Every structure is written in C-alpha cells, then in structure tokens.
Amino acid sequence: MEISARNKFKGTIEEITLGSVMAKVKINIGNGNVISSVITIESVTDLKLKVGDVVYAIVKSTEVMIGK
Amino acid sequence: MEISARNKFKGTIEEITLGSVMAKVKINIGNGNVISSVITIESVTDLKLKVGDVVYAIVKSTEVMIGK
Amino acid sequence: MEISARNKFKGTIEEITLGSVMAKVKINIGNGNVISSVITIESVTDLKLKVGDVVYAIVKSTEVMIGK
Amino acid sequence: MEISARNKFKGTIEEITLGSVMAKVKINIGNGNVISSVITIESVTDLKLKVGDVVYAIVKSTEVMIGK
Amino acid sequence: MEISARNKFKGTIEEITLGSVMAKVKINIGNGNVISSVITIESVTDLKLKVGDVVYAIVKSTEVMIGK
Amino acid sequence: MEISARNKFKGTIEEITLGSVMAKVKINIGNGNVISSVITIESVTDLKLKVGDVVYAIVKSTEVMIGK
C-alpha cells in the first residue's frame, strides 16, 4: 500500500517509552535528525515495534510548520 | 522563543508552490530527506519565505505515524 | 508496509475536486458513510487517484474527536 | 451547534481505556468499521462517555490520508 | 451535540478568503486575539458562514503547542 | 525564530497535569478563555514549564474548526 502522506523518512528506532495509553518512539533518520512520535501502545504492540527496528516516520504535509 | 514541538529539522527551501489560499513548501533537510509542508500563503508572505532560505521544519510528535 | 494509524477504512472514490495546491477526495466506505479527505494534488497525481478506485481512508487516532 | 468538520460518523462506544491523561475510545460505526479515538480523560468525564453510548466520531478533512 | 474538543472560543467572523478548495476564516475572539482557521469551501457553504457571524473556533487539545 | 503557525495566544499557565508520557497544560489567555494543550512530558521538562509561567499557545490554522 502506498500512502498519500508526502513525508516518509526511513530510520531506526532508538527508544520506546510506554505510558498507560500512549507511547513515545524515537526514530533516528540520519544526519543527526531524530524524530519523536507519539502513538497508541496498541500500535506498538500490533506492529511489534522494538528498539533497532528499521521503520518509516510518516507525516502528512498539512502537519508541517516552518520556523525562520 | 522555544517551542514544545519535539521535531525541528534544519534545512533549505528548494521549492515554493503558491495556490490561492495555501502554499506547498519543500525543505531539504539533508541525507536525501525532503520535507513537504503545506501552510497558508499568508505565512509565506509574513515570513518572507523564498527558495534558498535556511529554515526549520517543525512537527508536533502526536502528528508522526510509524510504518513498518 | 503496515502503518501505526489505527483507522483504515476501505472504500471507493466517488469524487475528486482539484484546487491549485490541494485536492478534496470523497470516499464511500459503505453503510451510508462518505469520508472527505483533503490532500495535496501532488499526492493525487503520485497515487494516480481517480473516481472508482478502491482505496483506504487513513486517520490517526489522536485526530478523532467525539460528539454526543 | 453545527461543526465545519466534514466527517461525522454515528456509532456505538464498544470500549473505553483510561490512561493517566489520555483515554482511548473505540466506536463501532457499522459495516465492520470500528473507529479508534484518543481524547483527554477530562473529555470522557465531561461528556459522561460510557460503553453503549451512541455518539459521533468527528474528523477534520485535512486529517484524512489515502492509501492505495 | 457536545464535542470532546476542549477548546471552544466564541467570536465574530472578520474575514473570509475563498481559495479553490480551501478557505481561510478569521475569527475575532476578543482581548486582541484573532483566530485563523483553514476549512473547506464546502464547509463555508454548508454552514452559510459570512462576515459578522457569531461562531465558535474549535481546537482539539492535542493540536495545541506551547512556546516559551 | 518566527513560526508559520498563524495562531499564537499569550497567556499564563494555570494548571499542569502530568501523565506517564503526555501532560495536559491549561493556559489562561484572558477574556475568560482558557486553552487546553496536550504535549509530551519531555516538552514540559525541556521548557521548564510551571504554573504561573507566561507562555504562548500555538495552533496551526489547518487545525481550527468552526462551529455555528
């Protein structure tokens, strides 16, 4: 399945912090950039996410702001 | 001003496409990664954004999904 | 690729309205429910979306509100 | 009050999972589709949400992606 | 209908800019604060929005960032 | 740094509720309006947010709905 979201960055999971409903996942996409993602624990379980996994961080273009 | 959004990626504007209300801005953040952002034309004007500008792409963690 | 977004609804594209940067796509997911999506024209082109296509409407759980 | 969000799906609450700040709510909208929503516990309390309630899942069009 | 979104600010529409698919609406909520909203033209038409209308600007808590 | 997000409201933090991954922050922006924000605890710590701080609530225009 191809997705309409314009931003897909390949990286490696560096850290997973589990809360009670939500989890925070840190993904290293290279060049010194680490992306922070907050998803449900249900998603972490379903995708069997663990540190070291190669994954994609995905962001819809309408969610990206610009600072200057 | 420091912002709570966890994701701030420094890059260079490669392309700006102006629509009637919204604009699409492409930011090269290195390592082969280009971020696509959709913001208002009003923001493009206010921040005086132009191709070649060094800017930050900013994304709130709750907006980042993971694909595996 | 499997995605962390919890909401994936299979449906058929009923209508595509192209703007200058953004496009509006209506997807019939059955049971009288039609989902409206606003994505970039670039995505419509890249995914070769057209009326009649069977697609998935995808929504991150944190974007769903509840009305009662 | 009528709301600008284009997507309003009527359904029945199947499950509520309470975290410490956020809660996950599953809404069955028929045709085999279950919508997952993450809202504050404060909202769950204020709207007195409980399993079996008939509610609306509401999503802004700009938050809907398409997969093909 | 009551909505789970925590932020509902009453104000008056000051300006509507119509694009081809999206529209920008400015809402004065008092105390010198003007909220900018980008919604579909379809929503502007369905809600019969016009300058001078008293409306509510509605924002889900997960969409609010903090700058300091 | 100036940000593209159109909505920046100055206010005072009234309340911070810490969860396990996420935190809820209430900001009084005057005129009887209190904005509710859900951000990561990591952001609360990094920005050293505490009750009484003068901060900005920031919202991208595409995240603002209208009710009438």
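Should a chain be cited, it is by its letter among A, B, C, D, E and F, assigned in written order, with residues numbered from 1 in that chain.
The working rule: contacts are C-beta pairs under 8 Å (C-beta built on N, C-alpha and C of every residue); 3 or more make two chains touch, one makes a residue touch a chain.
Note that this is a predicted model, so its numbers are computed, not measured.
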| item | value |
| --- | --- |
| Any chain in contact with subunit B as well as subunit C | A, E |
| Required minimum of steps from subunit B to subunit D, each step between chains that touch | 2 |
| From the options C-E, E-F or B-F, the pair that copies B-C, where over half of the contact pairs coincide | C-E |
| Angle (degrees, nearest 5) of the CA superposition of subunit E onto subunit F | 180 |
| Centroid spacing, where centroids are CA-atom means, of subunit A and subunit D in whole angstrom | 23 |
| Whole-Å separation of chain centres (CA-atom averages), subunit A against subunit E | 30 |
| Inter-chain centre distance, subunit A versus subunit C - centres from mean C-alpha coordinates, in Å | 21 |
| Residues of subunit B whose C-beta touches two or more other chains | 1-6, 19-20, 22, 24, 36-40, 42-43, 47, 56, 58, 60-63, 65-68 |
| Chain contact topology (line, ring, star, complete or other) | other |
| Chain-chain contacts as defined at top | A-B, A-C, A-D, A-F, B-C, B-E, B-F, C-D, C-E, D-E, D-F, E-F |
| Residue numbers on subunit C that touch subunit D, as the complex places them | 3, 5-9, 24-25, 27, 29-31, 33, 35-39, 43, 47-49, 53, 55-68 |
| Footprint of subunit E on subunit B - complex, ascending | 1-5, 19-22, 40, 42, 60, 62 |
| For the subunit B and subunit F complex, residues of the former touching the latter | 1-6, 37-40, 42-44, 46-47, 56, 58, 60-62 |
| Residues of subunit C defined as touching subunit E within the complex | 17-20, 22-24, 36, 38, 62-63, 65-68 |
